[in-house]
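Going in written order, the chains are labelled A, B, C and D, and every chain counts its residues from 1.
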Amino acid sequence: MKKVSVIGATGYAGAELLRLLYNHPEAKVVNITSESHAGELISDVYPHFKGIYDMTLISMKEIKKIGEESDFVFVCLPHGHAMKVGKALMDLPVRIIDLGADYRFADTDVYEAWYKVEHTHKDAERVYGLAELYRDQIKSAKIIGNAGCYTTASILALAPLAQKHLIDMSTIIVDAKSGVSGAGRGAKLPNHFPELYDSFKAYGVATHRHTPEIEQALSDFSGENVVINFTPHLVPMSRGILSTCYATLKDGVTAEMVDEAFASAYDKEFFVRLLGRNTYPATKNVRGSNLCELGWHIDNRTNRVIVLSAIDNLVKGAAGQAVQNFNIASGFDEKLGLDMVPVYP
Amino acid sequence: MKKVSVIGATGYAGAELLRLLYNHPEAKVVNITSESHAGELISDVYPHFKGIYDMTLISMKEIKKIGEESDFVFVCLPHGHAMKVGKALMDLPVRIIDLGADYRFADTDVYEAWYKVEHTHKDAERVYGLAELYRDQIKSAKIIGNAGCYTTASILALAPLAQKHLIDMSTIIVDAKSGVSGAGRGAKLPNHFPELYDSFKAYGVATHRHTPEIEQALSDFSGENVVINFTPHLVPMSRGILSTCYATLKDGVTAEMVDEAFASAYDKEFFVRLLGRNTYPATKNVRGSNLCELGWHIDNRTNRVIVLSAIDNLVKGAAGQAVQNFNIASGFDEKLGLDMVPVYP
Amino acid sequence: MKKVSVIGATGYAGAELLRLLYNHPEAKVVNITSESHAGELISDVYPHFKGIYDMTLISMKEIKKIGEESDFVFVCLPHGHAMKVGKALMDLPVRIIDLGADYRFADTDVYEAWYKVEHTHKDAERVYGLAELYRDQIKSAKIIGNAGCYTTASILALAPLAQKHLIDMSTIIVDAKSGVSGAGRGAKLPNHFPELYDSFKAYGVATHRHTPEIEQALSDFSGENVVINFTPHLVPMSRGILSTCYATLKDGVTAEMVDEAFASAYDKEFFVRLLGRNTYPATKNVRGSNLCELGWHIDNRTNRVIVLSAIDNLVKGAAGQAVQNFNIASGFDEKLGLDMVPVYP
Amino acid sequence: MKKVSVIGATGYAGAELLRLLYNHPEAKVVNITSESHAGELISDVYPHFKGIYDMTLISMKEIKKIGEESDFVFVCLPHGHAMKVGKALMDLPVRIIDLGADYRFADTDVYEAWYKVEHTHKDAERVYGLAELYRDQIKSAKIIGNAGCYTTASILALAPLAQKHLIDMSTIIVDAKSGVSGAGRGAKLPNHFPELYDSFKAYGVATHRHTPEIEQALSDFSGENVVINFTPHLVPMSRGILSTCYATLKDGVTAEMVDEAFASAYDKEFFVRLLGRNTYPATKNVRGSNLCELGWHIDNRTNRVIVLSAIDNLVKGAAGQAVQNFNIASGFDEKLGLDMVPVYP
């Protein structure tokens, strides 16, 4: 039984982590923190926890003590803040799973360019936490930079094609759509209910911070310096991400080679549900679960492949993947606490 | 480990039952049936089951064989059909949990008057399956007539007040609101997406079939012949029921007496979450879980009590309660397979 | 052509008023105000106005000048603020239509008790602005206290029965449901998109400020001192209110007498759509329009009548009724600017 | 005053047409047809029309008579059926605006290849009815093949760049998202409310029939034989389309040249709302109106331009454009009946 703490438990990712950890047979939540709600019960901040989690939120000012009491610390803070936690805990045996961006980049210059903050923990021993693709490194990592939501959906969709060199890496376009929980729990006019209901729009066109994260992974797998277009959109729903990914096939690439790339990458992956060619995912099919659904189409008219992937942004795109990484890092069965049926309809 | 079968597995209640049974440590699903999809995989009918439940649906024509292979049979059929299953299985040791209306009524005349079909199994040994209130009878019942969705929310809200004789039973009004999954999976114009989205309406005003079921239970608890008004409404959402229940307090009844009635009825009930006076439930707080949230208000201006209750119509209002009844009937811990956090947001 | 100004144009009611006035052949918008956005274009605050209304918002500090330039001033301010505008404009010939609560009550003690602010304009000559029921007074009023959203739906549903003395006025319960635009445009956690989506809840049970407004009107029409229960709920949709109203019929009252009461009250009313007995309204049927749909049911089992009414809260419940009152007060055809088809689906 | 008839008035496009025509000062609806509802009132099929349109639906078997009584016939039938109407009316002076696909293609081979039906009216004198781009031809056309919904959004987004030769026409990808009303009013499981709510998915990937329609127009404007990728998605909302269009800029093309292409194409177009560079449309900003919002971004990292466009699929994408074409063909001001504010929120 591992003792775990959640730093920043009152955001949606933190709350979802608590939901998943509740049914994890080998994890015990020992501390949960919030700066704005320190001293309150988590069930006062999230009434759905009443009677289930009536723990008191504490301040992360006591981070050292929290680190000493924990085998793992999950960090659910805005970017720029996890670095401080990471540095503070470097000398303790506790391991860190950061759900934010601070530890996702091998090249901190890229981080600094896109996130507009100085990286203060550049020498941290860290790995990128996309479980299916970086499993071996995750096993022993001190700090795991849990993959982002859009990025998980997009990288899982394209990595097999990149790795097998089936696509022209300069032609990649990722058109992604997310439910509103991805924007966090902070109330702001753009996410006010009547403003979004019965509406659809894009945001952060070609400037969203998940762009370099996708590029980093695809560069890793292709061995090329990949630059892509990434366009996020906001869907009037709570949960779910669908990524529609386009790329031009290299000469001579057949549909069977594409099928085979996905099969060899994911056939043994419990959390990747391959729908195959000409069958397409829906976010509802994975809602509430750690699954990623993948389907694809080969368009002979344009010689492009279109790959579609769906995840629950709060599970496989955040808390579920964090638990999966925790399982890998702990040597547990990867499915512990995550083996459940999507909530449908 | 009990062997269980699901008759009519392709409706929303049947599918939800499969979701819950998947994580039940003492249940093994041995047969699932569908007349319209016999021979198909359940995962072809519900893609979210792919890789999780890839069982083949069979016809219930083989009901005897199914009964012999099962310790429990869950029946998820339209009213009028479960009776046939019940009669067919009377001589086998298998026990039956019917999620429909056929076995909910002690007085089959009431059933026939409201459901407009002949009851063909009037002498069936049966109990009403609202777990918290009929637990003792459920333990040993051959047939459990699982309580309905609106009725579960409404009876849990009013039974303590009826039992303690705190309210004038002739003044009860239940104004209830349900998500659209309560209408089933059959595609019809009124439930076509654009017809309901951004709209709200009532239906079945004073004629809905859950009326006599609520009346039966409240008559049981009050010892009076109770007649109520019940008005269902359709909320443009998938899951959840909220019941707003009104009744006039008897002379001399205090707020504390009301509080005490709820406390004594439910303080030890894991699945009833008492919010107390002047705090109100939200369906999102219980979504995906077997919980029922209750809050109430005493209005001194009108001398009425208003009780509000929220459930997930597919869980506590159908499949979850069925599993809870299964646990009771099996002598298991009532929480088996149902001890989980609501899916929020 | 009347010159009109909108004080507080950046709330949802103000914006809806601008939408309706755009197609009004006898109104010209001369000033629009906002304290928080003074100096900005309304189309920067509401992008849907771009190219249609590119007027500059001014401060209401210049209220005298605005009053001098206007034949009518529409006030869309939080309660407590319209009184200041009213007082400032008393000596000018301009007429005032207040969409808030300040001028809705004949008895300012009631206002002060429910709104918890001192009324500073008690001697204002004013009328209650529910067009169908107070038309004659509206014609010549200096100040029109435009009826509220819930109250319009509820009073239109019950006034004919009160007036004809068909119901026991002590038994009235109004269970009302509103889309989220009724809560205004201020971003707050409870109205943050993911918090409300796929959820339903009540609020302000027996304490909502629209209660005394309904009571005032029903007392007017019945000649009795009416006290009711009123329960508002929040529907996860943008627009629309449905009120479900219950009352016990007096002895000897027949269904035909109820039908006749509605017919005689509303047969000539363009904006009241009588569906008749056993047919029920839906908010979608009136969305975007100034219509109020009414349907009712007589329950012989309980001797109650249930009346259901649907409006668009921003139109008949706010801006549309304001325009209707403006038409009445101006001697125009009541339909000017309001004769349009609901937006369906 | 033109006499107009609507063939197939009970689909969503037909009903929306009736909504718009109600406020058109120069159109009088003389006949409305429906085969499945002939003899019924349109207000029985669509209750929101009650008291507004209580016309009786007739069968189109009397098409000749209808044609004789009408100056214009709007055809809202499934593809394959409008051809029959067109042929039947060839010898009458009546003009035809077909909201379906039958008359959209100059090359009927393309139509037959994508729609899998024989074209039986190949020699029909017809024009493509995208008002802003084919205005001159529309003025005098006998038959106007009203542009489709996805296609209107997509062509308006890309035509200026094609016409000015600013983009590599072989690199075009259109990723489009639509509300569910685009799928029509026929109730089917995939569009059953609970199946779509809180879900997002693609469909018809690279095979949707709007593909060749976009290609035809872009070929027209570029002078090249254009082949594109088009991917439609279903958004859990009622109305609205957003198209996200990608293309690689030709060498030497600057942001200013892109801006200028849009300005010169649309600066005088009332229904095209140019948001400019780095500002993005939302479907809510145009809901209920005939507007098309356009915004764009130049990505220097990939040398691509991303153009986003939003329309209301039932208005600018169907009925509104039909009225606009009717105005053009009648020599009316193009805004007649269409000069209104979007319904927000």
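One rule holds for everything that comes next: a residue touches a chain if its C-beta (ideal position, glycine included) is under 8 Å from a C-beta of that chain, and two chains touch if they have at least 3 such contacts.
Predicted model only: the values in this text are computed from it and were never measured.
Any chain bridging subunit B and subunit C, meaning touching each of them, is among A, D; the list is complete. Using the average of C-alpha coordinates as each chain's centre, A ends up farthest from subunit C. Subunit C and subunit D have centres, each the mean of its CA atoms, that are 36 Å apart.
Spacing of subunit A relative to subunit C, judged by their CA centroids, is 46 angstrom. Residues of subunit A in contact with at least two other chains: 12, 179, 181, 185, 194-198, 236-239, 282, 284-285, 287, 345. Residues of subunit A touching subunit D in their complex: 173, 175, 177, 179, 194-203, 205-206, 227-229, 231, 233, 235-240, 242, 244, 246, 278, 280-285, 287, 297, 299, 301-302, 304, 306, 308, 310, 345. Per the touch definition, subunit B reaches subunit A in the complex via residues 12, 15, 18-19, 22-23, 46-53, 181, 197-198, 238-239, 273, 275, 282, 284-288, 339-345.
Against subunit D, the residues of subunit B that register as touching in their complex are 12, 179-181, 185-189, 191-198, 236-238.
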